[in-house]
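Right, I'll just put the structure down here and ask away after.
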Amino acid sequence: MDRRGFLKVSLGTGLAATAITTVAGCGGSGGGSSGGGDEVTLRYAWWGNSIRQQNYTKALKQFSTANPSITIEPEFADYTAFQERMTTQIAARDVPDIFWIASPQVLTYHKSKLYRKLDDIPTLKWDDYSKEDLETFKLDGQLNTLPFGIFTPVIRYNETVAKADGVTVPAEGPGWTWDSLAELLVAYSKNNPGKRKGTPYAPDHDLTFEAWLRQRGEQLWTQDGQVGFTVDGLGSWLDWWEKLRKAGGALSLSEQEGMGPDWAQVGKKVLVNFGNSNHIIDDAKMFPQEKFRLRAAPIAAGAPAGHKYLYFPRMAIYQRIDDGNLEAAGKVLDYNVNSADMLKTVRLTMGAPTNPKVAEQAAAFASPDEKEMLAIVAKERAAERKPRYEAPPGSSTWRTTMARICEEIALGKTAVPAGAKKLVDEIGAGIKRAA
Amino acid sequence: MTSRSRFHLNRQGRAAHVFLIPWQLGFLLVTAVPLLASLYLAFTNYDILNAPEWTGLENFQRMIHDDQFWASVRVTLIYVLVSVPLQLAFALLLALILDRGLKGLAFYRSAFYLPSLLGSSVAIAILWREIFGDDGLINKGLALVGIHGESWLQNPRTALATLIVLNVWTFGSPMVIFLAGLRQIPDELYEAARVDGAGVIKQFRHVTVPLLTPIIFFNLILQTIGAFQTFTQAHIVSGGTGGPANSTLFYTLYVYQQGFVAFDMGYASALAWVLMVAIAVVTALHFLVSKYWVFYGDN
Amino acid sequence: MTRLKHAGLLVFVAVMIYPLVWMVVSAFKPPEQILTEPGLIPKDLTFENFKEGWHALNRPFSAFFVNSLVVTLASIAGNLFSCSLTAYALARLQFRMRRTYFAITLASVMLPFHVLVIPQYIFFSQLGLVNTYWPLLIPKFLATDAFFVFLMVQFIRTLPRELDRAAWIDGAGPFLTFWYVVLPLMRPALVTTTIFTFIWTWNDFFVPLIYLTRTRVFTVPVALNSMVDSETQSGVGMLFAMSLLSLIPILIFFAVAQKYLIRGIATTGLK
């Protein structure tokens, strides 16, 4: 490279590159609003698998087609990566205008003042909701997040495989207990033609864990933002899984390639799965030849009244959104929850609609899988329910910690009581640091 | 000193300041200030959103009782102690084989060097996941001879080994340096040794090894520092968790988790400082010990 | 004996390169055959993995290639500019802090990046520069890749001093001397710097992972990582296809600039 070459490369590429960088609009933060004009660009961030990614991308495009002045920039990631990315963006104050809230983050974000209040945006209507509903939606008495779906803890089973292998999953009722489920899974794993196992190893699944706790009279979090369960309570859950695992009723970590396995990989290796009621919508599509059914989580003998609960996934508008973008953002939220149009594209992947009117409309076009899910949520919704509280500030990594400790237990590195104590201690320490 | 040369010196000094503007800015803004800032943060509880809160030695006390910290120290030490010597041994061995007029040297050199070029990329880390997975290439190979292998990545006893293999696989770059070093050893020395009746092994011990020690030392320092800072491979292969059971929890990955996942910036800064001190101590030790085994021509 | 040596070496080369070849072949196999039929000769050939992988994220992969290219070229420009200026001053000019500065440069080669990254992140994020390329590029324009400064200093020291002395006597100041005399002679060192900056920046993962969180600014490694996260049933094939593409620029560089590359490594290690 001679001098002229150097000049060319150094200055030429330098200038060109920086020019491209600036022109490409990568400079600065903000949602890219165009100031005075009517054109609005909004960032919309959500998580999921690739099916949900494609559906939402499509639905958001449809929204922009119907509202040409509003462009939506999609920001998608897998559940764990989504949370990591949000954390980094919060620190940099570069938060998307509209974002979903993962369950461990709800009050952490609230404490970081991420949520804009939602009851004064003219484009977002609340008329369809009952007063009681609105009360349960509030955090600290403020209506600043939008619950846009309902999940319940379920056991999902592969009906096609069950029939072929001559297995009956007990109906809900007195015969449907944790013990009977464990028996079924162990017996099935021992003897089936496809060499399947009963279930993936999933003691880190949060919703079924919470169901277990509530049936023991404990809870996940307390009202005053502390750990709501005891070392014994957690230990009993881990014990149930340890027994199941040792009896061969669950996949080994090797067979499922680690904690939190990919359903597309393990779906062909198991009979049932522990999950959220909504998971059936996208998961079933990965095995189109097979039929999946849901059972509510089993019930322990002597479970106290009101142990049932609903989980609401929430979304929010960023506190520091440009005022000029607020109405457009309200419109997007409205599109998410108050009309069935979007659901026709994204389907009920985020559970039963919270808006009762939309729920009625959805029932009309629901697929068989979706009807299955709606039915089970409706039943739980009708049951007596004691309140549940959201994850407090400082607990935002509790699910990763739990997965790690479950892994250590399965690998024989930690005994159940020690692991349970460690988890409770670690979560407590995190909450204390954040206080 | 004549006034003319003093004038020159002044002029040079002024020119140097202009030439060094980028470097000085960089040193100040990108290195020195952040270094001091992280030292300060190491003594605080800081989540970026709220002001840092001085907590004294708390972060360092926390390390003592932190299982994951110790796990990451263990993983990193094993990795450095096993993979660096193995990698250098391979590099030296192949350099010796390729040295001295073997035909096709350029071809072999390129072929062995290629993995070094790619080894730190995300693409190769992805490849590694598929090679050592439950249904991976290795297990398929084992199945051919009737062995049913488990996932190498999900077994805490073997997960780290797969990353050590990855590092050894990139022996090409130290090999190239060895080759260059070997070429600088004058032929006369070997001839003289032969005249004295030294066989191949004696020549190796008394000519090659001593004259190569500076290169070995250089490679050792470089690869050790690099190994301490391994991140990409561990992050991709374990999906960012450092699992199974912390067996691939590299120190840098733990710093990342604390800093950028849990946003415990104070604790992460403390961890980073411990790493820096550790690297400094290890490097200093290397230099101290080098007096006893590295042979420089002039002494 | 030599024949035996060659046979042994060739087997070893085959083992070393096998994973790479397997990746190349697998990228062209239908996804379900990659892990079930791990042989090197594919039963069916398909470009499906490339097509699907190209559109697996919210933006086509071409966007990430452009991003990576922008970052890489700008980094090269930055390093050439800042490191050559610094190296010339350290190697040729007489000034008071010279030894100290050189010592600092040497020491900073050993400084672990992780100890700096947190304050840097805080700094850049307060300036609102997250999700821009400035945090990746500014350090390059400030001569912080001490390795290259070191390399260039060593190189300039091998150049005969008489040349720049002559220029000085002709009345050219340090700037003109640098520009017209030293820089042209530094060509090999500049080429080495270019090559290594290219490879390192192209492969760099940690820094972009932290600063680039929006899909539209992703570089190729971050985009690949994002694909790993949302791996689905057809994931392996897509991942291999995109991984393979991501390596191609490096392979091209390797093919074209091999000579410089090898010489570059060899000379940096030596006095």
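First chain written, first letter: the chains are A, B and C, and each begins at residue 1.
Quick note on the criterion: a residue touches a chain if its C-beta (ideal position, glycine included) is under 8 Å from a C-beta of that chain, and two chains touch if they have at least 3 such contacts.
Each chain and its UniProt protein: A = Carbohydrate ABC transporter substrate-binding protein; C = Carbohydrate ABC transporter permease.
What you are looking at is a predicted structure, and each value in this text was computed from that prediction instead of being measured.
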Most widely separated chain from subunit B, with each centre as the mean of CA atoms: A
Leading chain pair when contacts are tallied as C-beta pairs: B-C
Distance from the mean Cα position of subunit C to that of subunit B, given in whole angstrom: 16
Centre-of-Cα separation between subunit C and subunit A, whole angstrom: 38
Centroid spacing, where centroids are CA-atom means, of subunit A and subunit B in whole angstrom: 39
Multi-partner residues of subunit C (at least 2 other chains): 81, 121-122, 125, 210, 229
Set of subunit B residues in contact with two or more other chains: 48, 133, 239, 260
In subunit A, residues with contacts to at least two other chains: 80, 88, 91
Parts of subunit C lying in touch with subunit A, wherever the complex brings them together: 56-58, 70-71, 73-74, 76-78, 80-81, 121-122, 124-125, 128, 130-134, 137, 179-180, 183-184, 187, 190-191, 194, 210, 213-217, 226, 229-233, 235
For the subunit A and subunit B complex, residues of the former touching the latter: 80, 84, 87-88, 90-91, 112, 252-255, 257-259, 396-397, 400, 403-404, 407-408, 411, 413, 422, 430, 433-434
Contact footprint of subunit C on subunit A as seen in their complex: 1-3, 6, 9-14, 16-18, 20-21, 24, 26-29, 43, 49-51, 53, 57, 73-78, 80-81, 85, 88-89, 91-94, 262, 264-265, 286
In the complex, subunit B residues that touch subunit C: 8-9, 11-13, 15-20, 22-23, 25-27, 29-31, 33-35, 37-38, 41, 48, 94, 97-98, 102-104, 108-115, 117-118, 120-124, 126-127, 129-131, 133, 135-137, 140-141, 169, 173, 176-177, 179-181, 184, 215, 218-219, 225, 228-229, 231-232, 235-236, 239, 252, 255-256, 259-260, 265, 268-269, 272-273, 275-276, 279-280, 283
Subunit C to subunit B touching residues, read off their complex: 2, 5-6, 9, 12-13, 16-17, 19-20, 22-23, 26, 34-36, 38, 81-82, 85-86, 88-89, 93-96, 98, 101, 104-105, 108, 110-123, 125, 138-139, 141-144, 149, 168, 173-175, 178, 199, 203, 205-206, 209-210, 220-221, 224-225, 228-229, 236, 239-240, 243-244, 246-247, 250, 254, 258, 261-262, 265-267, 269-270
